[in-house]
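In the part that follows, the structures are each spelled out as structure tokens.
Both complexes below contain chain A, partnered by chain B and then by chain C.
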Partner chain A sequence: MSAAPALHLSGRATIAGGPIFGPLDLDVPAGEWTCLLGPSGVGKSTVLRLLAGLGGALAFDGTATAGDGRPLTGRVALMAQQDLLMPWLDATANVCLGAVLRGDAAQRTRARALLERVGLADHVRKRPQALSGGQRQRVALARTLMEDRPVVLLDEPFSALDARARALMQDLSAEVLAGRTVLHVTHDAAEAARLGQTVLLMTCSGITAIEVPQTPAPRRFDAPETLAFQGHLLRQLMETQ
Partner chain B sequence: MTRAARVGGIALLALLAWQALVTAFALPRFILPGPGLVLETLWTSRALLAEHAFFTTIEVLLGLILGGILGFASAILLTASQLARFVLRPMLVFSQAVPVFALAPILTLWLGYGLWSKIAMALLIIYFPVTSAFFDALMRTPPEWLELSRVMNARPARILWHIRVPAALPGFASGLRLAAVYAPIGAIIGEWVGASRGLGYLMLLANGRAKIDLMFAALIVLAVLTLILHAAVDAACRRLLES
Partner chain C sequence: MSVTDTTTSASAPTEDAEEAARYRRDRRMKVARWMLPSLVLVVTVLAWHLYVTLWEVPHYILPGPVLVAQSLIEDWGLLYPALLITGRLTLLALLFAVIGGVTLAVAFTQSKWAEMSFFPYAVILQVTPVVAIAPLLQIYVENAFVAALLCAWIVAFFPILSNTTIGLKSTDHNLEDLFTIYGATRWQRLRYLAAPSALPYFLGGLKIAGGLALIGAVVAEFVIGRAGTGLGLASTLLEASYRFNFGRLYAALIMISCMGVVIFAVMSLISYLALFRWHESALKRE
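The block that comes next holds the complex of A and B.
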């Protein structure tokens, strides 16, 4: 993996003439886990899509760049709310999907090692329908790691999991994605309080950075600072409405 | 009650109703023979029926296989190439405005009285349902999967082959299931227009000689063949989708 760059996005986006987000400036520090927290409908996912090069139907007036000035294409991996596993492929083949789609040799041994790392050593040959929601999201995490991209964009990847699976998945992701530039879009204050090395609050009026506690992320879910920070974030969210 | 028992019961009821109709209206055997007579003919003419059923089966199977392959390839071509969509799609729709039945005499003229004109009829009649079912499914790939592929810097041809095609196989399977029912219709029409063998030819021949019992026997054989074909295609599609 090449060095993880910082990310910058500034500008405004509209779709079919209607605004999605107003003029805003986003700065994501290099090699850190940044949470972009905000209520539904402020355009958080759109920011992520623009950085992923998935602008598609929307009109974006601005720039989405990497801190090192090189293009982002080919340096970004994406993990979404749905696991997006192919139902006809087993876990190993799903992890190898990127290589197969690019026409590269599928490194099945490495894929198995990554599945082992996310705790799925016994499930490497199972199809997605034979796995639980948490296990499927682990396969998606292994697929993301397989891509070995310095920038990882997370679009509420834990929001469909139950509380226990979510907490486990958060710890695991923080561990395996350490050192990469992670931009994690979430509407969950508790999640941002646990994971964010940087926490940015996105509202209709723009993006503001919020001071984070001294404790290193991932923070313990029941530590007083984490809970206090969670409360603080939730208050900020409430007040912006 | 199991499915077999239910189907058997319904068949028995239908046979009874048929016999009752024949008895009540005292219908002559050259208008509507009773089920007893038809079953008897089915047995006594079994060699004749089997011989003609063999040719019809060959025509239907070849038509189904060729039509399936052609439909599969056409749908992929339509998906892969905008030019193909632009040129071929209106032609496909227009071809459906021409009744396939009306083409049977022309096909017989071009391809002769042998197997090929019937295979062509079966192929033509199933080509559109297979192509359109598969093409529709190919165009409905979940957009999130395509976006994931784009972020992975996938090659378009590989997205098509490794994501869109496998995701669309259920659509292809439903097209094939329809085709299994349509293909015999095509073959029979081909045989009616001009043939020297096949169940359609036999039915026409029996009709001309007022051997209505033989005509009904041929009809039953044809129906059973179609049901078996549909069941076989259905089973094959299930295996294809599970593998």
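The block that comes next holds the complex of A and C.
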């Protein structure tokens, strides 16, 4: 993995003339886990899509760049709420997909090792259909690790999981993605409170940074600071309109 | 019901009894799935036999099942080669339908221009009754076998084209995005994403096309006749009707039906084998 760059995005986006997000400035520090917290519909996912080069039908007036000045293409991995696994491939083949597309030799051994690392040693031959939601997200995480990209964009990847699977997945992700520039879009204050080394609040009027507690992330889900911070974030969310 | 009855209902032995009852019910259903249609068949054939013998129906109006069975055995030397001829025509038509349908579907999804230019004509070709086209084919296509093949192909290829086109277009957009991030080429998108996504749709089309290819082959034999194909099952049937050989006519008809059933069964098997590991349509609910 090459050095993880910082991310900057500034500008405004519209689709078919209607605004998606107004003029804003986003700064994501290099090699850290940044949570972009905000209510639904303020354009959080659009910010991610622009950084991932998935603009599509969007009209974006501004810049989305890496801190080191080099293009982001080929340095970004994405995990979304849907696991984005190919239903016809087993877990190992799903993890290998990127390598196959690049024409690399089959790296099944490495894929197996990564699946083992995310706790799926017994499920390497199973197809997504035979796995639980949490297990599928683990496969997606193993695939992200396989890609070994310095920038990882997370679009509410844990929101479809039950509370326990979510907490386990958050810990695992924080562990295995450490050192990369992670931009994690979420609408869940509890999640941002646990994971964010930087927490940014996105509202219709722009992005504001919120001071985070001293304890290192991932913070314990039941620690008083975490819960207090969660309350603080939720209050901020409630007060913005 | 007494109170003691309700209190014991939650205990283990009752659950076992329930399980056993469910098991028995499943077994009964399994047996019934075979037994009931077989029973219907036996009763129908028996009624047919009784009607023909008791009312002394002449064999050129309705031959009895015994006569049909007799023809099936005695004329086997004639019917079996006919079966091979019709079978070959059907399978060739289906093969070309698959090649043509899939190629066109890929062309349509890869190029908007190709779709806009040719799709209306594919529809026209499909909605025009093949019986009306067949005599024209006979005139313009010199080789009668090719004419018959074209006739069967026209009927069979459209469901494959239409289904495969829909399948190739219904790729999950989120997976498309993933492939964009991977920097996949156009060919890789087709090979690794669109093609597997389209497979269930294609197989659905194949099931329909299998039956239609046989219908097309029969129509071709009727209209173009034995000149092109040799004496197939449909030509045999037609000829038997001219000769009032109704035993043979029914024997040929039964063989055509059986062939249709076998084609359907084989297509279903192919579909199952291709999909049972991952697709919703083939997965058992837990």
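By definition in this document, the second predicted complex is superposed on the first by the 241 of 241 C-alpha atoms of A that agree within 3 Å, B and C clash if a C-alpha of one lies under 4 Å from a C-alpha of the other, contacts with A are read in each partner's own complex, and residues count from 1 in each chain.
Keep in mind that, in the parts below, a residue touches a chain if its C-beta (ideal position, glycine included) is under 8 Å from a C-beta of that chain, and two chains touch if they have at least 3 such contacts.
Everything quoted here is computed from the prediction, not taken from an experiment.
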item: When chain B and chain C are modelled together on chain A, clash or fit; value: clash
item: Partner chain in contact with A:Ala105 - chain B first, chain C second, else both or neither; value: neither
item: Which superposed partner A:Arg127 touches (first chain B, second chain C, both, neither); value: second
item: Which superposed partner A:Ala163 touches (first chain B, second chain C, both, neither); value: neither
item: Partner chain in contact with A:Gly74 - chain B first, chain C second, else both or neither; value: both
item: Interface residues of chain A shared between complexes with chain B and chain C; value: 52-54, 73-74, 76-78, 80, 82, 84, 86, 88, 97-98, 100-102
item: Residue ranges of chain C in contact with chain A within the complex; value: 174-175, 177-184, 188, 192-193, 196, 199, 277-279, 283
item: Contact footprint of chain C on chain A as seen in their complex; value: 49, 52-54, 73-74, 76-78, 80, 82, 84, 86-88, 97-98, 100-102, 127-129
item: Chain A contact footprint on chain B (complex, rising order); value: 144-145, 147-155, 158-159, 162-163, 166-167
item: Of chain A, residues touching chain B in the complex; value: 52-54, 73-74, 76-78, 80, 82, 84, 86, 88, 97-98, 100-103, 147
